[in-house]
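Same chain, two partners: chain A is paired with chain B first, then with chain C.
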Partner chain A sequence: MNTTIETLDSATIVKATGRLDFEASASFQKELEQAIANAAARKAAVAINCEGIEYVSSAGLRVFLVAARAAKSAAIGFGVCSLTAGVKEVFDISGFGRIIDVFPDQAAALAKFSTPA
Partner chain B sequence: MNSVHRIVEARAAELAALQSFLTEFWAAAALPVDVRYPFELALEEIFVNIVSYATDPAHPGLVTLTLNSDATTVQMTISDDSTPFDPLSRDAPDTTLDLDSRGIGGLGIHLIRTMMDEVSYRLSDGQNHLTMTKQLL
Partner chain C sequence: MISLTEELVLLAIEDDGKIAYTAGSPGFAMALIGACLVELNILGRIDADLDAVNVLSTEPTGIETLDAILKQLGAGPKRPVRTWSRELQPICNELVKLSLRSLLQRGVLQQTEARFLWALRSRRYPMIDGKEQKEAKLRIISMLLSTELPTPHDTVLIGLAVAGGLLESFLTRAQIAQLADRIGVVGGLDLVVRGVEAAIRDDAELRARVMMMSVH
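Showing the complex of A and B:
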């Protein structure tokens, strides 16, 4: 997994590329925790742009779950966008679309997070 | 009909070898890439489960990955000689719970059952065999 972090006014965009499997999940979780803590300090949201993630297993889903909870307890917005076909199917079957905001693309995520709640 | 198998020790580090084996089989049999996801997922979920439930990590058992394909079907069997366990006996997770109540327990096998056309478990010769099939068309 390769991760790049982009800091915008309303949101921090975490762009991840590669396979989010059992092996990659621990380090990705650490990076997300850091990004959420930094975003929380400036009251910004966090969006994960998943257009480069071609594979997620249940270990990867757990990372999204933990991150969503961390964002919730920090009272900041959180969402994922640009899911590839296979990853979207995994989200749908798992019911994760009910508990995590899923946006079609990064613009849609930013539109949501730049609007005061 | 293409049929291959590979045997590894039930150690986490061996997952990469099985993943490469699956990818190579896919290419050699010229199978469509968009059908590969459920097989990659099932391999990871089941193998990680076998390793995590190993009774004696100092003496890992063996895991056999068997792959078959013909013009219409791909089939994968994961066999292991650890404690008899039928993963299909697990209840499906409640996917309607809210964020605070959700876990990932049982999610792997739920994904496999949903994404594959057929999943069956059998205990024979003291080994667990989980067989998953997907139609190509």
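Showing the complex of A and C:
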């Protein structure tokens, strides 16, 4: 799994590509925690762009919950965008859409995070 | 550390030390299997998705309950959580026995005749790894009354407690109804829990069908 991080004014965009399974979950979690800590230091939000994530397993899904907790604890915005069909199905079935902001695309996520709360 | 499986067993013990009647239900059995699957996932022995439980390694974990399940998973065909939860139900009694034995040995519970009593009246687990941990019921209630996001461990615990009918052992029906929305949000943010819920629905439907057929 590959990750790139883009730092914008209002948000940090974490773009991930590949399979988010048990093998990939620990390192992805570390990268996300670091991105959230850096974003929190400048009071910016974090959005995970999932357009390149082709698969999420139960272990991978847990990473989103850990990240959402870290963002909440740091009092910064957090969300995911551009879910592929397979990942959207996993989010729908597991109920993650009820605890995490899910945006159709990156522009929608940035629009939300650019707006003062 | 108290495992998820052990915490579910603790939830099935009522305040007077008796085992809750729900512990005899298929739902409880499947919730216990689900707890083992989640623990095996965390330990890297399996991973799960909507279609199948994938065995990553059959190396024993050294935890009797988990190894009993892992052995079956390793020897069987690829199946979803939904199917495994029902298939492995017969192991449930053994899982309860092993969990109770472990809780007694570690001093969390004390056995008096047919009752299991908390060793510490504070309803906290004895200090393990230098950390004190609130008991499962207290953690669940506190999570349901807060606006916090649950830990991965606690969302599974709440989801499986609901699926296994264990909330009724410490919350009234009115309280459960009042907290229904919050339970729906924080319980079972996990694919294994969703598989267990589906298995419990399948089981109930099958029982209903068998009952209806027996009328003819």
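Quick notes on this one:
The working rule: the second predicted complex is superposed on the first by the 117 of 117 C-alpha atoms of A that agree within 3 Å, B and C clash if a C-alpha of one lies under 4 Å from a C-alpha of the other, contacts with A are read in each partner's own complex, and residues count from 1 in each chain.
The rule is simple: a residue touches a chain if its C-beta (ideal position, glycine included) is under 8 Å from a C-beta of that chain, and two chains touch if they have at least 3 such contacts.
Keep in mind it's a predicted model, so treat the numbers as computed, not measured.
Chain B and chain C, once both complexes are superposed via chain A, clash. Judged by the touch definition given at the top, the superposed model places A:Leu65 against both chain B and chain C.
Only one of the chain C stretches 7-15, 79-87 or 169-177 carries C-alpha atoms that clash with chain B in the superposed arrangement, namely 79-87. When the two complexes are superposed on chain A, the residues of chain A that touch both chain B and chain C are 21-22, 55, 57-59, 61-62, 65, 68-69, 72, 89-90, 93-95, 98-99. Interface residues of chain A, counted against chain B in their complex, comprise 21-23, 55, 57-59, 61-62, 65, 68-69, 72, 85-86, 89-90, 93-95, 98-100. In the complex of the two chains, the chain A residues touching chain C come out as 21-22, 55-59, 61-62, 65-66, 68-69, 72, 89-90, 93-96, 98-99. The residues of chain B lying in touch with chain A in their complex are 12, 15-16, 34, 37, 40-41, 44-45, 48, 95-100, 102-104, 107-108, 110-111, 114-115.
Chain contact summary for the complex, chain C toward chain A: residues 38, 41-42, 44, 47-50, 54, 56, 148-152, 155, 184-186, 188-192, 194.
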